[in-house]
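What follows is subunit A paired twice: with subunit B in the first complex and subunit C in the second.
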Partner chain A sequence: MEEVILRAENVNKSFGITHAVKDVTLPFNKGEIRGLIGENGSGKSTLMSMLLGIYSIDSGKFILDGKELNVNNQVEANRNGVSIIVQEMGTLSGLTVAENIFLGNEDRFVKFGIKNTTAMNREAQALLDKYGFNRIDATMMIDNYDFEDRKLIEIVKATYFDPKVLVIDETTTALSQSGRDELYKHMNRIRDEGNTVIFISHDLAEVIKYTNSISVLRDGVLIDTVQSSDVTEDDLKKLMVGRVLDDRYYRTDYGEAVSDDVVLSVKNVSVPGEIKNMSFELHKGEILGIGGLSECGMHEVGKAVFGASYDRTGEVTLADGTPINSITTAIKHSIAYASKDRDNESLVINDSISDNICLPSMDSLRVNNILLNKHLNEFANKYAKLISVKMVDVNQFVSDLSGGNKQKVVLARWIGKNSDIVVLDSPTRGIDVKVKADIYALMSEMKKQGKSIIVISEEIMELLGMCDRILVMKDGALSGEFMRSPTLTEEDFIAKMV
Partner chain B sequence: MTELQNIEIPTTENKSFGAKYREFMDKPVTRGVLPVVGLLIIIALFAILTGGKIIQPFNISLLLSQTYMLMIAATGVFLIMTMGCLDFSQGSMLAIASIVICYLSTYSLPLAILGGMVTGGAIGAINGFFLVKRKMPSFIVTICTMFLFRGLCAYLTTNSPVYAIGDINKYNTMTIELTLTAIVLLLVYLLFHFTKLGSNLKAIGAGETGARFAGIKVEKTKLLVYIAAGMITGFAAFINVIKVGSVTSTSGNMMETQILIALVLGGLPISGGAKVRFTNVIVGVLTYKILSTGLVMMGFTTQMQQLIEGVIFLIVVAIFSDRKSIQVIK
Partner chain C sequence: MSLKESTQKPKTNKFVNNYLGIILLLLLVAVIWAIFKILAPGNFGSPDKMLSYLQSSLIYAVGGCGLYFICVMGLFDFSIGANVVLSSILACVFAQKFGYAGLILVPIICGTLIGLLNGIVYIKLHIPSMIVTVGLALIYESLSVFATQGQEQILQSANCAFGTYPANLILALCAFFLTALIIKYTKIGTYTYAIGSNEYVAKNMGVSVNKYKVVAFVLCGFFVGVMSILTISYGTSMTAASSLSSMGRNFTPLMGTFFGLAFRKYGKPITAIVIGEFIISMIFNGFVAIGAPSTVQNVVTGAALLLIVMVTTKPVKGIVVK
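Now for the complex of A and B:
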C-alpha cells in the first residue's frame, strides 16, 4: 500500500471569468516522481502556485502529511517542507550565491541581531560542494553566473533542507543536457530518500522516462493519473487534448502556388544581440512561418518588420519601396503586429476593449473631423463580435479577459484596421484548443483575401500545419528554409534548429 | 503562471469584505459618482458648520473668484496626469509667466497674454525635453524645474514686487474671468472627448508600451502635452495678474500641490489611465476650494488648514489608488 504524502482536495481557482482550476482532487504518494502535464493554460502552474502559497486558494485545501497546509508565500511553504524550482529566473540579482540560497532563512545565522555572513557563506559552500557544484563560489554575486549555473544554484536552494515535496516547473527546457542530467540525478536522489517530486514538463518523452506516474490536466480539470510504464506519448497527447490528435484544425491544402508578387522585403537586417543579417521576402497571400528555439532571435524579426526594434540596421521595404522604420509608418502602411508579450505590447492592458480595438483606427473613425464615442463602440463591437470575443460589453477592461480572449481583441484590432501584412508572434501561446482553431481558421480566411501573414512560433506543428513556407533560425541568423509539404516532418525541422 | 499574475480577481461566492470593497471601488459608476457625492457632502457640511455663510451669494462669488486660476491651471495638469505623469513646476511656472505678463502689460494686453502663454509653453517644453529625450521620471524633472524657476522668480523680485500696468484690475470682473475659464474648460473638454487626444492620453497612462505598439507617438504626445499644459498655466497667470496686479517671490507658491490635491479629490486616479474623466477637474477644484474656503471661514489658522487638507488628501488617495497600476507613475 502506497503512502499518500500530499493531497489536493477539491481545489478551485478563478481569474476573472476564467475558471483556471476546477475542483481538483489529487493525491501524491511518498517516494515517487509524479509527472504533471497538460496544454498551456490547463492549470498546472496555477495548481502548483496555490500549493506554494503564491496564489490564494478560492476553495478547497491541500493536506500535507495529514495536516492542512496553510501557507501564504514560498518561504512559509519551504518551512512546511514544500519547495519549487520555477520556470523563469528564480534567483535574485544583486545578491550573492549564499544570500540567494538562504533567502528568507537568514535568521539561522543571526545572533543578537547581527548576521554572521562568514558562517552563511561557509555553509552555502559546503552545500554546493556536497551537490558537486564546486566551481560555484558561494561568496560571489549571483550575476557572475549564467542562466544554467543559476538554475543549479536554485536546485540547491530548493532541496538542501530535504523538502517532503519538490515541484519542478518546466525547468528542463532552459537547461543543456548536462544541466538536465544534474537535475534528473537530484530528482532521483530525493525520491530515493522517500520524498516526492512533482515534475512539470512539455517534453513528453522526458516525462515518461523519468517519472513513476503521470497526472493529466485539461482546462483546469484533472483527467487521469496513469503509470508511466504503461503509456506512450500518443496516449498522453490524447489525454491532454481530449480526442485523437489530428491535424483537423490546420490547413489541409498542399501544393497551391503562392503569388510571385513581393509585398515586403527584408534586406540585411541586423539588431545588435538579436538578429544578424536577415534577408527574406514575403509574397502576396502567403503565410510565411519563422521558427527556431525561443532564443534564436525570431521574435525580434517580428519587431523589426513592424519598425519597433531599437538600433536596427538594414532595410525593411514595401513593394513600392516605402521604407518601414517606425511603428507609425508600419501601421500607416497596413502592417499589423501581435506581439508575444500580449499584456505589455499587444494590448493596453488597463484599458477598455473598445479603446484597444479602436486605437490604430481612430483617424478613419472620424466623421466631419469629430470622433464620437458611439462610433468607437459600434466599431469595436462589430469586430469583437465578428471573432466572438467573450465579454460583457466593449467597455470591459482587457485585464479581466482570459489569454485567448485577449488575443482575440488583438486580432479584432488589426482586422478592423484591415491590415494587408499581418505579423503574428506566438499567436496561440497559452491559448486553448478551441480558440486556437478559431485563430487558424482566421489565418486561412485572411490568406484567401490576399493578405500576407508572417507567423513566428515556437510550436513546430503549428508552422508545419499552417505555413506556405517556413524559415528556420538559429543563433540570430537564417539556418534553413522549407516549402509547404505533407512529407515535411518535425525531425527535418529540428535538425536545422539546433 | 506569469501571464496570470496581475489579474487576480476572486469570483467565488464567499468573498471577503476586502474583495467586495475592491470590487465596489473598481466599478466605473463608483468612480464617477463618489467624488460628486463628496462635493455635495462638503457643501452641506460647511453650510452647516458656517451657519449658512458659505452659501450666501457674496461668499459664492468670492469663492468663485478664487477658483478661476486654479481651475484653468488644473485643466492642463489634468492632461499630464491622464498620461500617468506629474507636474510639480506649475506654481513657479505661474509666477514666471505672471512676471512676463506684468512687464508686457505696459505695452499691450494681447501681447501680455501671448507672452504669458509662450513663457508657460517654454517651461513646459523644458520639462518635456528632459522627460522625453533624457528619459527622466516626470516628478524628478518637474521638482528640479520647480526649484529652478522658483529661484529665478525670487531673483527677479528681489528688490521689489513686479507691477503690472496700473489699470489692469479693471478686467477683474466675474463676467470676464468666468467667461475665460469656461472657454478653456470647453476647449479642453472638446479636445479630450471628440478627438483622439483623450483616448491616446488614457492609453499612454494605462500602458505606455502597449500604446506605442498601437501606433501612438508617445514621445511626441508627451512633449506636446507638457507644452500645452504650460501654455494653459501661462493663461492662468493672466487671471492671476488681473486679480493681484503684481508678482512677489511667493506668487503661485504651493499651487502644484493644490492642483494635485484638487484633481485627486475629483476622483482622478493618481496614475492616470483609462479611468480618468473630464469631470474630475471641475468637481475636484470646486471640492478643494470649498474645503479650503470653509476652513478659513471657520477660523482655522493656515497651519491647521494645511494639516487638515493633508489628512483628507491621504485618505482620498488611499481610497482611490488603483493597486494594479499605482507603480507606473512616470
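Now for the complex of A and C:
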C-alpha cells in the first residue's frame, strides 16, 4: 500500500465567473514523481498556487502528512515542507545569489540584528558546490547570471531544505538540454529520498519519461490519474480533450469559399523574445484564428499587426502596399485591435461609455472643429444600442460594467469606426455564455459585410467553431495551419501546439 | 582546462564588480577637475579648495544615504528639505539650552519622527510617495515658521564644531559606515532591495512589504536628522521655510542617491554616493570659479538631475510613466 503524503480535498477556486478549479480531490503518494497536465486554463497552475499559499482557497483543503496545510505565502509553505520552482523568473535582481537562496530565511544568520553575511555566503556556496554548480559564486549579484543559471539557483533555493513536496511548474521549456538534465537529476534524487515531486509540463514525452504517474485536469476538473508506464502520448491527449463543438453558439456553415483578395500580409515578422519569423496573409471576409499555449507568442502577433510591438522587424502591409508600423497608421487605415488585457490596454476605465466609443472617431465627429457632446452621445448611443450594451445610458462609467459589457464597448468603438480589419485578442475571456453568443453573432455579421477578422484565442473550441482558417503557434513560431472543417478536432489542434 | 576556466571566470568578474565603479568615478573626478582647472586656473581646484568642496559634499552625501533606502524601492521623499529646515531650527533652539546634547539628539529625533510619519501616511493613504511627502513638506515647513515666528535662528559659535574638520568628517563617516552596515549586514538591506526588485515576489517570500517601507522612511528621516546637524553647524543659521521654498534642498542629496543607484551593480553604492556628491560639489564650485551667475547653476542642477536620472533608470519598454 502506497503512503499518501499530500491530499487535496474538494478544493475550489473561482475568478469572477470563471470556476478555475472545481472540487478537486487528489492524493499524492510519498516517493513519486507525479505529472500534472491539461491544456490552457485547465487549472493546474491555480491548484498549485493554492497549495503554495499564493492564492487563497475558496473552499476545501490540502492535507500534508495528516495535518491541514494553512499557509499564506511561499516561505510559510517552505517551512511546512512544500516548495515550488515557478514558470517565470523566481529570483530577484539586485540581490546576491546567497541573498536570493535564503530570502525570507535570513533569521538563522542574524544575531542581535546583525546578519552574518560571511556565514550566509559560505553556506550558500557549500550548497551550490554540493549541487555541482560550483561555477556559480554565491557572493555575486544574481544579475551576472543568465536565465538558465538563475533557474539552477532556484533549484537550490527550492530544494536545499529537503522539501516533502516540490512543485515544478513548466520550468523545462526555459532550459537547455543540460539544464533539463540537472533538473531531472534533482527530481529523481528527491524522489529517491522518499519525497514527492509534482511536475507540470506541456511536453508530454517528457512527462511520460520522467514521472511515475500522471494526473489530468480539464476545465478545472480532475479527469483521471494514470500510471506513466501504461500510457502513450495519444492516450494523454485524449484525456486532455473531450469536449464537443456546441453549435448553439458557433457558426454552423462549412465549405464556404473565402475570397482570394488579400487585405493584409505579414512577412517575416519577429519581435525579440516573443515571436520568430511569422508570415501569413489575411483575406477579405475571412475569420482567421491564431491559437496555441498561452505563452506561445500569439498575443504579441495582435500587437505586431496593430503596430503596437516594440522592436518589431519584418513587414506588415495592406493590400495596396501601405506599411503598418505604428498604431496611428493602423487606425488610419481601418485596423482595429481589442487587447486581451481589456481593462488596461483597451478601455479608459474611469470614463464614460460615450467617450470610450467615440475615442478613435473624434476626427469624423467634429463639426467646424468643435466637438459637441450631443453628437458624441448620439454616435455612442447608436453603436452601443446596435450591439446591445447593457447600460443606464452612454454617460455611465465603463468601470461599472461587467466584463462582457466592457468587451461590447470595445467592439462598439471599432464598429463605429467602421474598421475593415479587426484584431480580437481573447475576445470572450472571462465573459458569460450569453454575451459570448452575442459576440460570435457579431463576428459572423462582420464577416458577411466583408470585414476581415483575426481572432487570437486560448480557447480551442472557439477557434474551431468560428474560424475559416486557424494558425497554430508554438514557441513563438508557426507550427501548423488548419482549414475550417467539421471533422477538425481539438485533438488535431493540441498535437500541433504542444 | 575547461573546469579551470569556469572556476576562474567569476574571479575576474569579481574584481570588475568591486572596483571598476570606483575607478570610473575617480576618473570622472579627475576629468572635471582638469576641465575647471583649465578654465579657471587661479580660482579652482587648489588642495585647500578641494577640502572645502568635500566639506559641503559630506553634508549632502549623508542625506543621500538616507534617501538611498527610499529610492531603491522606487519611492521618493521630497520632504527632506523641509525636514532639514525644521530639524536644524530645533537644533539651534535646543543647543542654546543643552549645548551639544541638544544639537545632536534633537535633530536626530525630529528627523526620525518625520520619517516615521512619512512612512505611516504613505502606507495608510495608498497614494504615491511623491505626493505624500510634498504635502507633508508643506506642513513641516509651517511648523518651522510656528517654531520661530519667522526669526532667523543662529547657532552659537561655541556649538559649531561639526561645521569644520575633523568633527564633521567623523560624523559623516559614522553615518556612511552605518548605512553600509545596514545595507550589507541586516535583513533591512536585503528586503529593501527585494522590494525594489519585485514587490510581488518579495511578498510571496514572506517579506512584510509595508513594514519595510516604513522602516526605509524612518531610516531616511534618521539620516536627514544627521544631515541637519552638519547643515546647521556648517551654515550656523537657518530661517523657517514656507511655500515649498525648502524644495531646493531636496535635489543635491537626490543626485548623490542616483549616483549610488547607478553604481550599485559594482557593489559599493555608498562610496558612489559620496564621490557622486563630491563631483556635484566640484561642478557647482567650478561654475562659481569661472564667474557664471547663480542662475546658470540652477540650470546646471536641473539638467544634471535629469541627465543622471535618465542614465540610471532604465524603464521597461511601453511602461506608462507618470
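Couple of notes before you dig in:
As a convention for this text, the second predicted complex is superposed on the first by the 255 of 498 C-alpha atoms of A that agree within 3 Å, B and C clash if a C-alpha of one lies under 4 Å from a C-alpha of the other, contacts with A are read in each partner's own complex, and residues count from 1 in each chain.
Definition applied: a contact is a pair of C-beta atoms (placed from the backbone, for glycine too) under 8 Å apart; a residue touches a chain by one contact, two chains touch by 3 or more.
Keep in mind that what you see is a predicted model, and the values were worked out from it rather than measured.
In the superposition on chain A, A:211 contacts neither subunit B nor subunit C. When the two complexes are overlaid, the chain among subunit B and subunit C that reaches more residues of subunit A is B.
In the superposition on chain A, no contact is made by A:42 with either subunit B or subunit C. Within the superposed three-chain model, A:12 lies in touch with subunit B and out of touch with subunit C [touch as defined at top]. Using the contact criterion defined above for the overlaid structures, shared-chain residue A:90 touches subunit C, although it does not reach subunit B. When the two complexes are overlaid on their common chain A, residue A:228 makes contact with neither subunit B nor subunit C.
Applying the stated contact rule after C-alpha superposition, one finds that A:419 touches neither subunit B nor subunit C. Once chain A of one complex is fitted onto chain A of the other, the partner contacts of A:452 are absent, as it touches neither subunit B nor subunit C. Legend: residue contacts after superposition of the two complexes on their common chain; A:115 is shown touching subunit C, with no touch to subunit B.
54 are the residues of subunit A that lie in the contact sets of both subunit B and subunit C, per the superposition on chain A. Subunit C contributes residues 6-7, 9-10, 13-14, 17, 72, 181, 184-187, 189-190, 193-194, 196-198, 201-207, 264-265, 267, 317-318 to its touches with subunit A in the complex.
Contact residues on subunit A toward subunit B in their complex (touch as defined above): 12, 14-17, 20, 45-46, 49, 54-56, 58-59, 86-88, 169, 306, 308, 327-328, 330-332, 337, 339, 342-352, 355-356, 358-360, 362-363, 370-373, 376, 395, 397, 399-400, 403, 413, 430.
Listing the residues of subunit B that touch subunit A in their complex gives 1-4, 6-12, 14, 28, 193-196, 199-200, 202-203, 206-207, 209-217, 273-274, 322, 324-325.
Across the complex, subunit C is touched by residues 54, 73-76, 90, 92-95, 99, 103-104, 106-107, 110, 113-117, 134-137, 139-141, 143-144, 310-311 of subunit A.
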